[in-house]
Amino acid sequence: MSKIRLGVLGGGGDSLIGVLHRVASFMYDRYEIVGGVFNPNYDENIKFAKQIGISTERVYENFEKFINEEAAKPESERMEAVSVLTPNFLHFPMAKKLLENGFNVICEKPLTTSLEEAKELEALQKKNNTIFAVTYTYTGYPMVREMKNMIANGIIGEIHKVDLQYYQGWINPVIHDKEKRSKVWRLDPKKAGISSCIGDIGTHIFNMVEYVTGMEVKELLSDLNTLYDDNPLDIDGSILIRMSDKVKGLLRASQIATGDENNITVAIYGRKGALKWEQENPNYLYFLKDDEPRRLIKPGNVYNTDVSLDGTKLPAGHPEGIFDAMGNIYKGVAKALRGEKSFSGEFPTIYEGVRGMMFIEKVVESNKKGNVWISMENQ
Amino acid sequence: MSKIRLGVLGGGGDSLIGVLHRVASFMYDRYEIVGGVFNPNYDENIKFAKQIGISTERVYENFEKFINEEAAKPESERMEAVSVLTPNFLHFPMAKKLLENGFNVICEKPLTTSLEEAKELEALQKKNNTIFAVTYTYTGYPMVREMKNMIANGIIGEIHKVDLQYYQGWINPVIHDKEKRSKVWRLDPKKAGISSCIGDIGTHIFNMVEYVTGMEVKELLSDLNTLYDDNPLDIDGSILIRMSDKVKGLLRASQIATGDENNITVAIYGRKGALKWEQENPNYLYFLKDDEPRRLIKPGNVYNTDVSLDGTKLPAGHPEGIFDAMGNIYKGVAKALRGEKSFSGEFPTIYEGVRGMMFIEKVVESNKKGNVWISMENQ
Amino acid sequence: MSKIRLGVLGGGGDSLIGVLHRVASFMYDRYEIVGGVFNPNYDENIKFAKQIGISTERVYENFEKFINEEAAKPESERMEAVSVLTPNFLHFPMAKKLLENGFNVICEKPLTTSLEEAKELEALQKKNNTIFAVTYTYTGYPMVREMKNMIANGIIGEIHKVDLQYYQGWINPVIHDKEKRSKVWRLDPKKAGISSCIGDIGTHIFNMVEYVTGMEVKELLSDLNTLYDDNPLDIDGSILIRMSDKVKGLLRASQIATGDENNITVAIYGRKGALKWEQENPNYLYFLKDDEPRRLIKPGNVYNTDVSLDGTKLPAGHPEGIFDAMGNIYKGVAKALRGEKSFSGEFPTIYEGVRGMMFIEKVVESNKKGNVWISMENQ
Amino acid sequence: MSKIRLGVLGGGGDSLIGVLHRVASFMYDRYEIVGGVFNPNYDENIKFAKQIGISTERVYENFEKFINEEAAKPESERMEAVSVLTPNFLHFPMAKKLLENGFNVICEKPLTTSLEEAKELEALQKKNNTIFAVTYTYTGYPMVREMKNMIANGIIGEIHKVDLQYYQGWINPVIHDKEKRSKVWRLDPKKAGISSCIGDIGTHIFNMVEYVTGMEVKELLSDLNTLYDDNPLDIDGSILIRMSDKVKGLLRASQIATGDENNITVAIYGRKGALKWEQENPNYLYFLKDDEPRRLIKPGNVYNTDVSLDGTKLPAGHPEGIFDAMGNIYKGVAKALRGEKSFSGEFPTIYEGVRGMMFIEKVVESNKKGNVWISMENQ
């Protein structure tokens, strides 16, 4: 079985997302990076390819040449998948061209900068029936998958309440100074789009709640905070959600949660039990019941299901982390590319990418209209 | 220095709240229970007095006799304070009579069953200038007081975000069965008033957020859940709040948080730092900053302030709990009764009781009107 | 049912142990403090009695008068139990006289200052068959009792390994300065006896391991540390133990565990499971199995046994602490005094007191002889 | 800068250690696996090479051919380092040959099966001055390196006490059955050598204590447990240690700590502070002081030192795990191979490997002689 020929767009230089994807692709010996455009500057591009030990033969000067030359290759040589790690506004044009030329795509989130673009990509993907993954990394943690699986199997019964949080504090040191905050690219609508906090991190917990519950958010009501009138984008928000008439919950995200690092929490309450998970201790999943001691589920144990065992490389007690989570997403894509049997939800698809873009737009709309309910039903 | 003569209304039989107040009153050797009406049934009343070792001389047949006889006693013999531990609907008539007769009062929360009643009591209390405590127990924890004090001293800077939770799961085992839920007194508007979850527990975190921040909630928008159409009262709710134009936050309370016991969390984020506390580990207070390791503040240490040391009886590492918290509230009342110097906030006053009632009414109003903003400004 | 007439020796002034016992005695409405000798100075003694609201009638000038007058009273008036809270060296003479005069005794640990004295008291107690409790406070925590009960019921199977720790750091700030350390009474053999660390805290975990397992330590080998040659007493020690030929374990205690407060941990490993508990989070008991998620057992839940529910006053999630633990020991003594049905181990007896003294002597002997095995079999 | 040409011995098939080393070698884009002997069976060997996408050109039939052909290559083509992941008894003959032929080596622990062999390798390594790493993986965690660095910089002052634990429970399900235990290779002296528990895991915490403190163990006294007389090897042990006359501590290791997974704890107590770390939450390092709140140090923050930042790939709050730890060790070796500037302790050397072998032999000797003190001074 040969490795999958992978191309990479972006992720050069000291890009952190580049490291994350590169290591993830290696983790299960399933991919070989054969080329790409790592950097808009050609010299840097070549230099980077050498640095990471890639032959420079298929390292292209720009995306146009990349598409033209790769698309022209025979199927046995063409890249089998392309990872798109460029700045957000480039996701759409690149993904579009890749889809039009029949490439399978692994795209960073957010999928695009608008819902309209996202839907256009989705339509293209449906037409060509290619593999298209959107890397909501946190769904790759074994305990998140265990949670999804337990819920799907009815272990906590019918869900009646959900509660998710994504709190960071990184913007606090710059937000209170007018000069400093004016220079943050995430607060510049031209670069970041219509939202800072919700677009960057709120979308992760929105994805998470739909991922683990298998339900969809039907309506939302948001209250965003910019903290200063001259700051055009939200840096904090609370969002009331309804997943059905009686199943309510809330999503809260912040970039001014002073001192918080990457504090994601997920709590799903059902009639028969509840499940709780925190990203900073990703190997701990708590299962609560009314009348029994709460249980701590950890990966790599005999009591785990195949869904989480498949994404755990070492025996119990050897902590795996965020790189391993992304590795599991790449593994899921590899299985799909090779037509292997896989579990439900082994990688987030373009559908999740579209939902994420809809979420951002609807949250901003609700806030702008004075914190009113907005439908999240697909049209 | 003689002990304070304390009377007690309610709290007999196997009342848990009775145990809590009784032990709390003993804790600092400041009170002596001299009589009361522990039980509406006179035989039970007398039996209980004997059981707890109280002379039956001042154990009265009913509240009328209690008031008549105690009010008639000379000041040197009269009860100096009366604890009101009766069912909620009796708080108002009893407290009213006590205030009219010049008694100092320690009243369980909620203060009354309506805001109107609460304001009437407040007016009476102002007129007579008596001591009136409302026992929001959780404000008695040393680490909660430390938090209030740190915030007052500017240690976390200007607050920009608050996030509080009070999750319990006790109603889950009965709520899904029509027969069972129809028998829960907390879901009977005649007994519980206009709210179950918000009235019982939401009010605690509302009190907490105003207590620790020293700020007031200006506006709120609530979304309550009854889960079933035939259930008349809320058992879950999320409440968006604004403490000023740009200081936002949220309060969330639930009785269907399956498996949760008494899960109160408080997180206050300021420009210079944040503070986090959880009721189930009440001796841990986390202090976060942008650029320093987070710190774990525990009671009984040399680095604590007098505010928390005053409420800590043993050296560091000897866990004190909920009884000790209530003991601190009783201690605060004792200091006030004896005119001793005390810290700010050593016991919650009738003002907090009134705010609590306003909160319940406004939350229900917001929900009924379709989740709209309602003012919490005092009129 | 009348309250138990309790006398108290010591515990006056700002004695912390006095507060602990006094509050504990009140907690279940079972005791009334009727007199005692709180302080060697008579004026202080009387002043203290007034301060805590005790009639001064039975507050005696000294222990001799106490014994003479109390012993002379008719049985219906005599104190039914006497708490001995005086400095360690006074435990023996006082307890001896109390036993000789037929009093029931609640004595602080360590029981005496030597094994010989302890055995003399034990012989007296056996002769008179009085109630004699030694207050190893930590055995009063509901989760410790749950642990003992689970082990007795075979839930973790045959035990094969035990591991206990009691780490404090309080002596670190003074030990490194010759002047300062020379003034610490715990390091003065005349006041503290033959051991500092083992005598004060090591003895607690020794008691704990025998308490929860129901087994006895057969042999021990110790390595103590004085840190400085001019310091005569141990401030740290590691002790290898054998509870049978193949059941091994260790106890470790320290007063130089810098920054540790009152860090007691207990871990008992059996064939079918393990139990772990930490004193600073006393309401969390972890139950581990090979092939199941670990469980967190908390007090006040439907799944708890009567043994722990009996010592829990409020519903689940309302943390009770060290005062409540001591309250449970007093409750156990009250049941014994009144001949009520009780659980096994509701209070530590004089036997545990004797074992504790033997432990201190054997640990010091093992260390002095060059870290050799010493038998702990009762002779 | 070209990648380092890496050869691998062992680690084929479904070897977990193979995955760990392979992923670690990729992590910083520093290595390329160019060949090796993954499996003693040649067909399997080739099959595995294809599976992981390695050219089969330099995949050899056995170790002899490997050495002969690789050693014959010009320096510009020769493997620059060889990872030895074979069963323990093969470490010595392979490492010896590799050293004799001038190869740099990355060897799994334990280095050899006897101290004598280890010393022979050390002498060879000194003679040839090659790079020789022994993969005590846990030293690769950023917070372990932060701990080492803080101690070296005097932040906790002079050390006076150390306490380390490595508890696993994996052998509990098989040890109590004679049939089952007779089939465990770790309990077979022919395969496992003179020790099971100490050799496999005790050696890790021995390495850790010398690594983080920068001090050496001078003497030890051990008490091992086989649990059954027909079991020839230890499965549990407690080891008293002295790092100098007054600096004492203990190491404890177990394979019968029922339910424990990979429970390593490290606590180092100094005059000015203490540091605590647990392997299962590797990104949390606690720093305790007498008179200040304890601090939680996490990786990727502005307050971290270069030593830990260098081994952290993503921003704070993105958990990295055991693969990342091993990746850091490979990175350290890469720096050494390329002559780059590195921090102290970036990979464990052959000296640590020799110390580890001495530890195993001395622990077994102490136990066999009746739990007596044995010197650990290098001869």
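Think of it as A, B, C and D in the order they're written, each chain with its own count starting at 1.
Everything below uses one rule, namely that a residue touches a chain if its C-beta (ideal position, glycine included) is under 8 Å from a C-beta of that chain, and two chains touch if they have at least 3 such contacts.
Because the structure is predicted, anything quoted here is derived from the model rather than measured.
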Chain of greatest Cα-centre distance to chain C
A
Interface overlap for chain A and chain B, more than half of numbers shared or less than half: same or different?
same
Rounded to the nearest Å, the gap between Cα centres of chain A and chain C is 55
Quick one: report the Å distance separating chain A from chain B, using the average Cα coordinate of each chain.
43
Quick check: how many Å separate the C-alpha centres of chain B and chain C?
35
Residue numbers of chain B (touch at least two other chains):
260, 290-291, 294, 298, 301
Which of the residues in chain A come into contact with chain B in the complex?
156, 160-161, 163, 169, 172-173, 176, 221, 223, 225, 227-228, 236, 238, 240, 246, 248-250, 252, 254, 256-260, 267, 269-274, 288-291, 294, 371, 373
List the residues on chain B that touch chain C in their complex, please.
1-3, 16, 19-20, 22-23, 26-27, 29, 32, 50-53, 168, 170, 260-263, 279-283, 298, 300-301, 313-324
Inside the complex, what are the residues of chain D that reach chain B?
287, 290-298, 301-303
